[in-house]
Structure formats: structure tokens, C-alpha cells
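So that you can tell them apart, the chains are marked A, B, C and D in the order they are listed, and the count of residues begins at 1 in each.
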Amino acid sequence: MTAPPRWAVGIFDLKLPVLVALVLFTALVLLLIFVAKRRPNMYIRPLAGITAIEEAIGRATEMGRPVLYVPGIDDVNNIQTIYSMVILEHVAKKVAQYGTPLIVPTCRAFVTPMAEETVKQGFTNAGSPELWHDGIVRYMSDEQFAFTAATNGIILRERPAATLLMGSFYAESLMLAETGFMAGSIQVAGTANIHQLPFFVVACDYTLIGEEFFAATAYLSREPSLLGTIKAQDGFKAMILAFLMAGLFVETLAWLGVPVPAAADGIHTVLYDWLRF
Amino acid sequence: MNGRVSGREGWIRRLEQVDRRVIFVLMGLAIILPLYTGWSLQQTPTKPVQDFHAALETLPPGTKIFIADDWDPGSKAELETAAVAVLTHCFRRGLRVIDATQWGTGAIIVNDTLERVARSMGKTYGEDYVYLGFKEGREVVMQAAAENLRGVYPRDYRGTPVAKLPILEGIGSLRDVALLVSVSAGYPGTKEWVQQVQRRFNVPMIAICNGVSEPEYQPYYNSGQLRGLVGGLANIAVYERLIGAEGFGTRAMVAQSSGHYMLAALILAGNLFFALSRRRTLLAVAIAVAGGGFFLWTIVRILAGP
Amino acid sequence: MMPFAHLALLMKLLCQVFFTLAVLSFLYRDNPIYRFAEHFFVGVAAGYWIVLQFHTVFLPKLWTPFVQKGLMGQGIAPEESRFQILLLAIPGALGLLMFAQFSRNTSWLARWPMATVIGSFSGLAIIGFAQGDLIPQIQANVLPILRPGSLTRLGAAPAFSTEQLWAFLDATSYPILTIGVICCLIYFFFSTEHRGATGAAAMVGVWFLMVSFGASYGRTVATRVSLFLERATFLLIEKTPVGGWQVRNAAVTAVVAAAMIVFLVWYFRIARREAPAETQ
Amino acid sequence: MRREIPLFLTFLFGTFFVSMNFLQGDRLREATGGFLPDQINDWMSIIISFTYVLGVGNVLRIHVKKVARRENGWGYSAATLAGLAAMMIYGLILWIPLGIAFDGQPASVEPGREWMTGMQTGSVFNWFYDAVYTPMQSTMYALLAFFISSAAFRAFRVRSFQAALLAVTALLLIVGGVPLGETVWSGFPELTSWVMEILQTAGKRAILIGAALGAISTGVKIILGVEKSYLGGRA
């Protein structure tokens, strides 16, 4: 590995590739957030996960059994908990439209009022705020395993037909998914905690993987800052893809011993000096 | 699915939904019983482990290295074993160790482990090794230590000013050490050291971590950001053998293997019952033949013996 | 009479065994022994953090320099400036604002220290992820279509041997990395629908993701087994030196376990008849 | 003011840590007499360490309330408070008179009083750490060995081709990643190492790139004040 191209003068030490990538990406994020404010219906492909959530709610309605929604076990300082509320609002709205019971166990004292507000908002959006009652959002315990045991108790007693696990989960992921599976409910999970994804994938009917979780919230809420970010990341990913393809081409030529044509010298310089710094 | 549950299917359903405590007992026995055997199993090191070993093996004696012991009692099984092996290797090769932790809850157990190994090998504190202890700040501390080590750690864990420690002569920052060894149990750990120090300050780095983190750190090994990687107790045991200091890892390997095979059997059995109860005969036969065949072959190989 | 130090060691062993078994008793079901141990642990952990922060940060980084060097002007090294040391009042004050959290009227002040912490970690994350993850990982994936020399190796290997298998796997490594990363990136691309070529690529991408989750699953199993293995070794196999003699941990385990079982039988058979039903 | 000052602080400290990457630390240190970056780094350590007070404050508040009101299970809360008190007394309170008298350094405590010296070897504080903290924490995680096995039997279902890929990789690593695997087939180490280094790295690398983009965009939004949800409430 050669040293990165630098521009070190005085107190400055500008690592150019990092600097350029950061400036480019930041500009892209800000630009697309700006655009998203003007055009909130920017295209995001429909996600199978959202359809899966809606189908699960539909089945719960058919069976006349409740929907269980767990917004993760992290506090409000975790961004996933906050984004989980976007999905909860959507779920609350759907549930209110069908008149299906909803249960939201929470693991943090601070999350509880937030979840209450969100469910009320969802009910109001569906035009039936009178459905709200105190038994919907249930604060269990701040302690991980106590919360898990209590939630498992709810699953076994009230047998929800749909279990939605959306947010930041840790070791309890597999215990909740196992109990839900045993109780025969349709399970949809979503988390950006990569370590827990394998356990959700094997025990749930559908899993929103990492970035899909954030994309789902952007899709549902149409909030400019979420939407613009997803679009900006897509844009940057497209650039990465182009870079990888170009790199593949150039590297293969080099491997085959084909001399790079003089016309492509510019590309060659960029790929060799910038990418392989 | 038809509504009528025949006798055979009811039996399968009951097995499928067996009380979890039965499985707990099976798993417990699978791990506990082999502890009483004295068998030993052969092991071949993989390339990342060989690279890890080589990175420490090629340093000349007297070289100063930095060990980031980022673990706590929650990963004692794997990482205390790992730390003991790494320290034994370093001391045996005459490397001088600067140790610190980013895990507050690990401050005491890391100190105890370091002291135990150092004392058993007759090393002098302050000369051959030093423990800088814990400072709050996670990534802040990591990049600060790479900027100015003495600024972050004005005194060591025992309260001695670092200026009085001969081992730290000529070490102004992490850029002055020959190698950064990350013993990592998660956040903050190897990933954060790579992000904040390895690339930014061009410090050569190797890592030894728990099994859970290993897949996540493999891309760093593949990209050359980590020059060696040991992950999980099985690989730690191989490393113990490479340095000729067989410890807990090596002794635990029979029980570890048996636990793994029990878990594999549980996954296969669960899916077999699942396939049977859903009348998916082809899947059931496939699982039974593949799984049964593999376990039969395992038994044959064990009986054939070394 | 046993010396005090030995008694302390023996008590330590007893506590270690008790707390280990107390947690394991949760496997049977939630019970008062587990609850007691868990609550005690929460208290000990909270106390531990406070003491740790006091000794490693508060005292050496804030109190001693600020009071001794800053306010009293003692022992300032030539390269230090007293003014800079007095500036420690800023983080000290921001830290104290954390306490504003405990009153409803002042809780907004607690956002100030939180804002500095979040800002700093965001800044570090930007640099760390861009410089340590993003660019090196993209760079590492700029590869030729085949690993140089891998085809020759494959050709040279005898047919239907394990050697040929390894040569084949080696030859696939660059295509796998290239195709895998590209397809997974396409899967996480949300601006186009997954149809046609993109759909096919996204499907391949999911396969790669599943394989990588499988690897995580397998390694997670390994870690969990190791953790219990270590506990079992401690409870049943290890011996603890106390003074001149070796105490068998297994004996202590047997005694403590017997006492626990008696208590639990009594609790679930008799004491809990009147108690409200528990969950799980 | 309630929002502007925190947003300004976030911006200030965020840009400081970003720009430090593009400045030469040593020259900056000379120019500022060590103020940048060393002092700021220390400041952050101090502020972060105060955040732990919050955590303990919450523990205290919840459990004192339970004990005071004799709520259901208040005895357990009393155990929490007892644990907290024991650690504070032996780690801190007994030590304060000694510590301030001796320059705040445990090294200067006179012989025979080691048991009072906070976190040093031989102290009562360390005894509690060894006797309670170590076994509890390591056993808590050891429980997962059992939960994972019960989930493996009862909820790990190969219902699709994707799940089958996951299952096959997992099984391969479970049986092949231990020494017994090598006894069964000598090729397992080579095969598992290829799976780890190449096959699974492709997916992990893509996740890493995606997570990096996510983290950078979140960081940028927080520093520039676009994302304010951490100040409480939704953005």
C-alpha cells in the first residue's frame, strides 16, 4: 500500500481522497434533502417488508387476534428507536382502520411516552382516536431479560397473530422470535444491528435488513431529511459501482498485460493514484 | 394442512414443541460431560492465524508493542485465554508490552491477567511491561493516544507518572510503537482502532477477537488493514499450540466440539420434524440422509481414533 | 483460626459460585434467587462505573489539575500554562449540567453536555467510517477478474483431488468478491425497482447476504458455547488455592446448588401459593 | 436559546474532530501550546465521564422510589441499593480523605491500608468485582448458549432457498470450525477459512460500505443541525 496523496502545508495535512469523498457526499446529502423538501414524492421502490407488515396485520384481523409491536430495547438516543416510531405510526393507522387490537411493550421509561404519542397519532390519522386506551403501550422493565420474559409472557398468553420486531435488538432477539414462532404468529422483523439479523432471518417470515429498515421509514414518512439521505446514499452507491466496474476493467487489462491506451490515461491516473492510494 | 391430526403427526408435533428445558439439559450435558475426558484433538492453523503469529514472531526482541485489551468478564472465556496467549508469546520473545483498555468494566481483570502472566515469566514492571489502565472516551481516547500518548495517560494504572517509566522512553504516541495488537470483545474494539488509528496514522495492526466479531473483521484482514486475525476459541487454541503454550483453549476443545455438534444436531432435528409434520417428504429424506450420514461418519472417525 | 485473608478468599469463591448458579437458575424459570442476584448486580455495576470514572477521569484529569495547579498554582510544569488549566472549568461546568436532567425545569440544560458528546462522536464517526472503512474497502475490491496465477494452479492440480478443489476455490475468490459486493450494493439500492437485470443482481446479492449471516450465526454459536464452557469448568473442574490447600470448586458448587434447590422447591411449592402468577 | 446552543456545541465539536484529521497534530500542538488537540481530547473524556452520573442517577431514582413506596418487589430494589452502596463506600467514600491528602494518587497510600485503595490489587472494591461482577457478567452471557440451542431446535426453519443458504453456511462453520471437524474430514480448516475469508466477506464488505455511508450521512446531518432528534422528540 502506498501512502495516500497528500497536500501537507503548514498545519494542514489534506488527505485528498478522503476530503474529496466527504465533500462530495456531504454536498449530495444536503442537495437531495433540499430537493426532497420540494418534491416529497421522490421515487423509492416499494419494499417487500412493508407489504409483509400489512399482510401480517391483515391476517391478525382475519383471526381476530392482536398485533404485537416491539420497538427494540434501546433508549431514545438510538436513532433506530426513533425511526421505529415512524413504522409504529403506520402500523397504528392500519390497525385502527381494521379495528384490530395492538400491544406495544416497551423496555425504556423514556420510550413509553413517545410510543403512546405515536400510537395516538396513528389512530388519529385513521380517523378513530377513540380506540386509544392505556393497555396498548405497556412499560415492562428497563432490564433486558426481565423485559424479554415479560414480553414472552404476553406472546404466550395473548397469542398475537402478528409480531412486529422493529428497532434495535440485542441478545433477546432470538428469544422473542422463538416464542413468537412457537405461538404461530406471522413475524416481521427489522433492525440495523447486524449481529442479530441471522436470528431474525431464520425465525421470522420477513426481515428488513439494515439499510432497508431506514429506507422503509423514509418510504412511509416521506420526511425530507430521511428521503434525501436515502437518495444521496443511492447516488453515492451508483458512483461506487461505477468505480468498481472501471477498476475491474483497468485491473483486468493490467493483469492481461494489455497496455492502457493513451486516451484513457486520465482514467488510469485517477484509478491508480486515487483508488489504490 | 388438513385439520385431522393423526397419531404419528401428533407425536411429531409434540417433539417439535418440546419444553425448552429438555433442550437446555441436552446442551448442558453435551458441554459438561466432555470436560471429564482427557482427549486431545489435532488442529491445523488457518492463514489469518499464521499471519497473526508471524506478525509477532518476526519482531526483533526488545521491540515495543501496544496491546489494546478491550474486553471484560463477559467475554472471559475467549479473551482472557487470548490475552494470556498473546502476552506469553510477547514475553517469551522478549517484546516489551504497553497495555491499556478501553473497556471500563475490564480495567481490573485485564490488570490481573497481565500481572499473572508477567509474574509467572519473571518480567519487571515498568521495564518489560506497563499497564496504562482505562480512560473514558472510547474513540476520543484512541485517536488522542495516537496523537499524544502521554497527554491521555499522564500516569499509569498504579499512579506512577509515565515520565518515570523506562519502557515509555521514546514513545510519544502510538505512531512510535511497532505493532498494535487489538484484543477485542466488540464495541469499542478492533473496528474502532482500525477506523481511528490504523488507517489514519498508518500503524501496523493485528487482532484477536471473540467468535461473534470475527466475520465482521474479516473484510479488514482481506483488505490488508489487519495483518493477522484470530477469532473464536477454536482459533485461539490453534494459536496456543503454535506458540507452544497450551492453556484453557486447548483443554476446552473437546467440549467445544461436542457443544457444536449438539447444536448442529438440534438444527437438523428441528428441521426434520418440521419437514415431517408439514409432509414435505423429500426435504425430510434429504435432511435425514445428509445429517444422519454426516453424524454416522463422525462416529466412525472418532472410533477409528487418532 | 483461619487467617482473615484466607477467609476472604473462601468467601469470594462462595460468592462466585453462588452468583454463577443464581444466573443459571433462570434456565429453570424466573425465580427470586435470580432476581436478587440480578438486582444486586445492577447496583454493583452502577457503583463500579461511578468509582471507575472518579479514579480514572474525575480525579486525575479534572480535580487535581484544576484545584492544585489551576487554583492554588502549585506544581505547574514549565510547558504547561495556568490559563489553559483553568479552562478545565468549561468541561467541568458542562459535566455538572448533566445533573440538570433531574429537574423538569432545568432538564433542557442537560442537552448542552449531551450535544458536545454527540457532536464529537459524530465527527469521529465521519472520519473513521470514511477513512477507515469506506475508502479502504472500496480500494480492496478493485481487483482483476481472476487472481493472477490461480488458473495455472487450477490447471496443474490433479483431477478430482482435494488439491483441485482448493485451486478451484482460490480461482473463484476474485470473481466472488467482485460479483458479491456489486450485487449486494444493488440490493441496497432503493431508487430503482428490482426487475430484470437489477432484479437478478439483487437476488444474487441476497444470497451473498444470507451466506454472510450464516457465517455470523456459526461464529455466534461458537462464542456462546465457549462462554458456558468456561463457566462449567469453573464450577466443576477448577480448584481454588486458599492458603496452603486446594479447594475443589465442585464441592462448593454441590453445597450451594443443594441449598438453592431446597429453597426453590420450598418457594414454588409453598410460598408461592398465595403469590400472584408470574410471567413466562 | 434552548435549541440554538446545543446545536452550536454539536457543530463546534463535530467540526473540530473532523478537521483534526486534516491538520498536522504536532505542528498544531506547537502552535497552541498543547491546547489543540490534547486539551480538547481531555475535555471530552471529562464530559463523557459525567454521563455515567446520569445512568446511576436513574438507577437510584427508580429503586429509591420503589423502596420508599414499598412497591411490589421492593426488596430486590433494596438489593440494588445495597450493591451500589457497597461499591461506593469501598471504592470512593472511605478513600476520599486519603486521596485528597495524597495528591489524588493511590500509589502513595501507606502500607497496611491497601484494602481502602479503590481499584488497586487487594482492595475490598476489587474483592466485590471478583466475587460479584465477574461471575454475574460472564454467566449472563453464558445463558445464551442455552437460548441459542432452544431457538435452533424450535425456531430455526429452512423455509426458503435463502434460509437454506444461511443454514448450510452456519452448519458448515459449526461442524467444520472446531477441531472435531478436522478429525472428521481433514479439509474442513481450509474450507471454513475460504468461507470466512472470501465467501462471507463479500456480503460483509457490502454491509460495511452501506453502514459507512449511513454513519457518515447521519454524522453530517447531526453536525449541520439537520437531524435534531437527539435533542428529544422526533426530528
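Quick notes
Throughout what follows, a contact is a pair of C-beta atoms (placed from the backbone, for glycine too) under 8 Å apart; a residue touches a chain by one contact, two chains touch by 3 or more.
Keep in mind that what you see is a predicted model, and the values were worked out from it rather than measured.
Path length between chain B and chain D in the chain contact graph, taken as the least number of steps between touching chains: 1. Comparing each chain's Cα centroid with the centroid of every protein Cα atom identifies chain C as the most central.
Distance from the centre of chain A peaks at B, each centre being the average of the chain's Cα atoms. Among the pairs C-D and A-C, the greater number of C-beta contacts is found at C-D.
Here the spacing of chain C and chain D, counted between their Cα centres, is 6 Å. The distance from the centre of chain A to the centre of chain D, with each centre set as the mean of the Cα atoms, comes to 22 Å.
Spacing of chain B relative to chain C, judged by their CA centroids, is 12 angstrom. Residue positions of chain B with contacts to 2 or more other chains are 17, 24, 28, 31, 75-77, 105, 107, 135-136, 138, 140, 143, 155, 200, 212, 214-216, 219, 222, 224, 232, 234, 256, 259-260, 263.
Among the residues of chain C, those touching two or more other chains are numbered 26-27, 38, 42, 45, 48-49, 52-53, 56-57, 60, 120, 124-127, 129-131, 133-134, 137-141, 177, 181, 185, 188, 209-210, 212-217, 219-222, 225, 227-228, 230-231. Touching of two or more other chains is recorded for residues 17-18, 20-21, 34, 42, 44-45, 48-49, 52, 105-106, 119, 129-130, 133-135, 137-138, 140-142, 144-146, 148, 150, 152, 154-157, 162-163, 166-167, 170-171, 174, 177-178, 190, 196-198, 200-201, 204-205, 207-211, 213, 216, 218, 220, 230, 232 of chain D. Interface residues of chain A, counted against chain B in their complex, comprise 1, 3, 182, 194-195. Looking at the complex, you find that chain C touches chain B at residues 27-28, 45, 48-49, 52-53, 56-57, 60, 120-121, 124-125, 127-129, 131-133, 136-137, 139-140, 177, 212, 215-216, 219-223, 225-233, 236-237. Chain A meets chain C in the complex at residues 15, 17-18, 21-22, 25, 43-47, 143, 145-146, 149-150, 152-154, 156, 194-195, 197-199, 201-202, 209-212, 215, 230-231, 234, 237-238, 240-241, 243-245, 247-248, 251-252, 254-255, 271, 275-277.
Chain contact summary for the complex, chain B toward chain D: residues 16-18, 20, 23-24, 26-28, 31, 41-48, 72-77, 105, 107-109, 111-112, 115, 135-138, 140-141, 143-144, 147-148, 151-152, 155, 158-160, 200, 214-216, 218-219, 221-222, 232, 234, 237, 253-254, 256-264, 266-271, 274, 283, 294, 297-298, 301-302, 306. Across the interface of their complex, chain A is touched by residues 18, 21-24, 27-28, 31, 62, 140-141, 144, 147-148, 150-151, 154-157, 162-163, 166-167, 170, 207, 209-211, 213-214, 216-218, 220-221, 224, 226-227, 229-230, 232-235 of chain D.
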